[in-house]
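Just so it is clear, A, B, C and D label the chains in written order, and each chain counts residues from 1 on its own.
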Amino acid sequence: MSEKDNLTNLINVIVDGDEIQASSIAKKALDSGLDYKAILNEGIIKACEEIGQLYEKEEYFLADMLISADALKAAMKVLKPAMEQASEKSPGKILIGTVEGDVHDIGKSLVTSLLQGQGYDVIDLGSEVPPETFAQKALEDNPDIIGLSGLLTVSISKMRETIALLKEKRIDSKIIIGGGVVSKAACVLIGADDCAKDGWEGVKKINRIISSKGGGVV
Amino acid sequence: MPHDWVKSALRLMNAMAGKTKKVDRVPYFALINEQMLCRVAGVTVKEMLSSPEIYAKAVIGSYEFLEADTIQIPTSYAGPGEALAFAESNDKLDTIRWYDYKPLSIIQGAVCKTEEDIDKLEIPDHSKSSIWKVSTEAANIVNEKTKFPQMFGLGIWSVVQELRGVQAFKDMRKNPELLLKLCEKVYESQLDVFKFWTEKVGFSPMIMLTGYSFNKHMMSFDDAMKFEGQFIKRLQEKTKVPFIFHNCGTSPYFMEACKEIEFAAVNGSHPLDLDYWIKFKESYPNVTIMGANIDVSREMLTGTPQDVEEKVRDNIIALAPGGRYVCSPVCCLPWGVPLGNIMAIPRALEKYGQYPLKIQ
Amino acid sequence: MPHDWVKSALRLMNAMAGKTKKVDRVPYFALINEQMLCRVAGVTVKEMLSSPEIYAKAVIGSYEFLEADTIQIPTSYAGPGEALAFAESNDKLDTIRWYDYKPLSIIQGAVCKTEEDIDKLEIPDHSKSSIWKVSTEAANIVNEKTKFPQMFGLGIWSVVQELRGVQAFKDMRKNPELLLKLCEKVYESQLDVFKFWTEKVGFSPMIMLTGYSFNKHMMSFDDAMKFEGQFIKRLQEKTKVPFIFHNCGTSPYFMEACKEIEFAAVNGSHPLDLDYWIKFKESYPNVTIMGANIDVSREMLTGTPQDVEEKVRDNIIALAPGGRYVCSPVCCLPWGVPLGNIMAIPRALEKYGQYPLKIQ
Amino acid sequence: MSEKDNLTNLINVIVDGDEIQASSIAKKALDSGLDYKAILNEGIIKACEEIGQLYEKEEYFLADMLISADALKAAMKVLKPAMEQASEKSPGKILIGTVEGDVHDIGKSLVTSLLQGQGYDVIDLGSEVPPETFAQKALEDNPDIIGLSGLLTVSISKMRETIALLKEKRIDSKIIIGGGVVSKAACVLIGADDCAKDGWEGVKKINRIISSKGGGVV
């Protein structure tokens, strides 16, 4: 098979959400001498873009994206050693969590998987994360972006409190809030840099922020 | 002046039937959850749920204070409360989270982590469930004191998602049969809790159905029909009462759902603008619109009472002619929304909502 | 209708001067603390204190919603906030307790556990104190938006007790000199924070003085004079503004204190019945009574809006003739009191409180 | 000195709040062969009554009572070994604490000291005690009386919650609430058995409840 066929195959199995195939094709491509950068840019990132397009065309839904994201992660896992050997930095560091008092984490799970699948360094704090934990971890890890997730309307309050604490601690990571409840108005009100109504929008906006910072998906 | 609940009930009933000649003004449907009760009554959630008397008193006091035309206790809905009952009856009490001034809930996905958890999942014995005991007793007190018929709420996907979490979405593709098995168990439990409610509290004149899966951000319409819609139809056959279709997602399938399933009313709006609702009213003239586009996370959260008043007026102009419009902010009234903005709704209804309508 | 704060200020001023011909109705002084702001504005305490804008908005929205004739930010009082400033400036941040919907506070007695703690206790640099920064900035916003002069609050024993705890009482007998040293430091700090406030926010037209030691359950009147009264007199000499004497203890020394110290008004009532206040009015006709006996932990907590209305009416009949009566529930409006009961106060004032009084 | 003189002395030094003297005179009385019961009933309990009378006559205030209570405890400490040897049971077991969200403990401190000074078995849970801790300790220790203390008006809510939990757990200890904020109306509302507006009233009511249960100060 040609190099191109190999990558097309990789894209297809990722989009189809086939974890096992994604892992094995990525391995085959690496073994065949293909540079990890090519696999990443021409395979994995393209697959991610295609998943997003399908979602936007309403051919893909949350379920499909979650499964594709798993395949994305499986392929990425294969590339990791080669990337580390080449001292390739991750495109960005993201700290993410569902705010205190909210146990919902489906949107956050999707964002985490898709970002990890693109090679981001994602620190997932889980759900019910107190403001102090966000602040402490942000000081320790100095992330590019902090993502606050929440489904409940009550979470707006807690997001505002968390952001206030982050600013008090002079943490200058970009802050993006996500969840069905957030609106542009709420975003401005509570001092976030941006907001996303669903996981895919979150991923797109994170990619955009990272690119504008000169980093971005490799 | 004591609240006239009989008048409110008639106002609501006649508006929903389109009999505007018998309606003095647009009715106000308030979906008040535990947070709002805490704010108005000044109690903690644990306090409320520790006693049907305290709970009922908080509910009556709050709905009357907010000048609503409806009254129901927030846990008269087999959503998160059902997930709790499942947690209780399956010895997973450690998945429950209590908060002082927020609804209690369970950790998503913790009750049905594994396939075996689904196989072994026991339908709760609702007569032994602590949450259902206090809820039905409180509803009885509310019923007795207000004579306002107590409405019950059902929902499939809401409970499935609480029990199975993010894995439910992966099951949809990887193991749909397993997911349907869980849906079936939730369905059975919904029927059982409905029966229990009817025995304890009496006949529910309508059912508020939270079709949370009917939202484009959740799943395709076909999947929504498969994993929730078919069960809704079965619930309708068994319960034989009109359903209000509730969804406060960002892209709900209201039009599509109404084509497939018969609903007396739809309740939702999050991001939909008035044009959507005007079109909906044209397409489904007999389906009452409850809510339209007064958004708790936008103007109610960040605006002024004047902003809210204008929004109510715009909704009335667009949707109230001919009746079958019930004013309601969407969704639950949360922390963050100042009371001044909330109280602007009944003020605006008095000002603009009188039938025959003066503004059009 | 937007709230007319200038009208409120005049209503209060003229009522306190006994000029009833210039007063339309009995003014309403509401002492709203963080809990009530949380309930009305729907914010958490941390949210409020994270931003002067949010704080000021919550304060204005809440006072206007509750239809009060006064407005002040709860931390414009050098009580618990001063204890916090002491904790901050003495590296005892671990003694501070935060709550979502309750005032923050420090563990009683933890800052000045030992004699050495008192010796080494640093007077806070108020310009560096985070609580005073946000408080003064928020007060400035309130001032600017309402034009209602912002009142400041002082108190000696309140702070002493927060810092030294139960040991303060033992010191009173075993080491009064040590206790006086602490009182002296608190006094110095009170003067400093008053100066800071005046610089940042402007002149406080009156000072609300919480004389918490002036309560029989706390100490003898002589001790109250020794450990707080003498400092109040010194505060009066330095600040040169009228003082409102606040105490919500169960057996306050109002009459006794007014003999020794000049107060423009007294604010308190907990268990005192109307006869006490009628006698007080006879004995001190020029001292305004704010509060009398509308009790937040009795009829407001357990009664109905009708009970509250009756209580307000009784207070008006007994105390409003001739003016120098300001209606106020005592003490802060807490969780547990339903909003319906709280809102019964302005309703009752409109009904019974119009000058010239129709009920007597 | 006569037996009676000794006990009168003991009463005087306790009332005066002299810890050292209280301890030494109690010891002398025991050494002189006086029965511990006599010292307890004719000395310590009498002293406690006198303290209360002085408080009611407004000659004593909180400060004086706290100091006398310390002297009371010092004398009681001397008697303890003799009482234990005679297998004398404590008059009653009291579980006490300031409810969650309230840090005030002056009233509670007085009650604890005065009760301990009368030989009660007092389990002091401190301040900021969550409902669950009260319930758990009550199940473990089966106290005769549970005392919930609080100064802030917000504490009424938490007292109600605590009592509801105690009742749910079928704990049948008598419940008494105390603090400046409590009223008879609030007491009925939240389901407490009794209330006390200050520490001394609390002590009196606890003594009364224990006596009516057939126990009581020896």
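Going forward, a contact is a pair of C-beta atoms (placed from the backbone, for glycine too) under 8 Å apart; a residue touches a chain by one contact, two chains touch by 3 or more.
None of the values given here were measured: they were computed from a predicted structure.
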| item | value |
| --- | --- |
| Any chain that touches chain D and chain B | C |
| Chains touching both chain A and chain D | B, C |
| Contact-richer chain pair (by C-beta pairs counted) among A-C and C-D | C-D |
| Rounded Å distance between chain A and chain C, as computed from the means of their C-alpha atoms | 51 |
| Gap in Å, rounded to a whole number, between the CA centres of chain B and chain A | 33 |
| Chain B and chain C, separation of their C-alpha mean positions in angstrom | 42 |
| For chain C, residues contacting two or more additional chains | 42-44, 334-336 |
| Two or more partner chains touched - positions in chain D | 157, 160 |
| Chain-level touch network, classified as line, ring, star, complete or other | other |
| Contact pairs between chains, per stated definition | A-B, A-C, B-C, B-D, C-D |
| In the complex with chain C, residue positions of chain B that touch it | 39-44, 58, 61-62, 64-65, 100-101, 334-340, 343 |
| Residues on chain D engaged by chain C in the complex (per definition of touch) | 17, 58, 61-64, 66-67, 70, 101, 103-106, 109-110, 127-128, 152-154, 156-157, 160, 180-183, 185-186, 188-189, 197-198 |
| Chain C-facing residues of chain A, complex | 131, 157-158, 160-161, 164-165, 168 |
| Contact footprint of chain A on chain C as seen in their complex | 42-44, 46-47, 50-51, 54 |
| Chain B residues touching chain A - in the complex, by the definition given at the top | 35, 97, 99, 102, 105-108, 161, 165-166, 169-170, 172-174, 216-220, 223, 248-250, 270-271, 295-299, 301-302, 331-332, 334-336 |
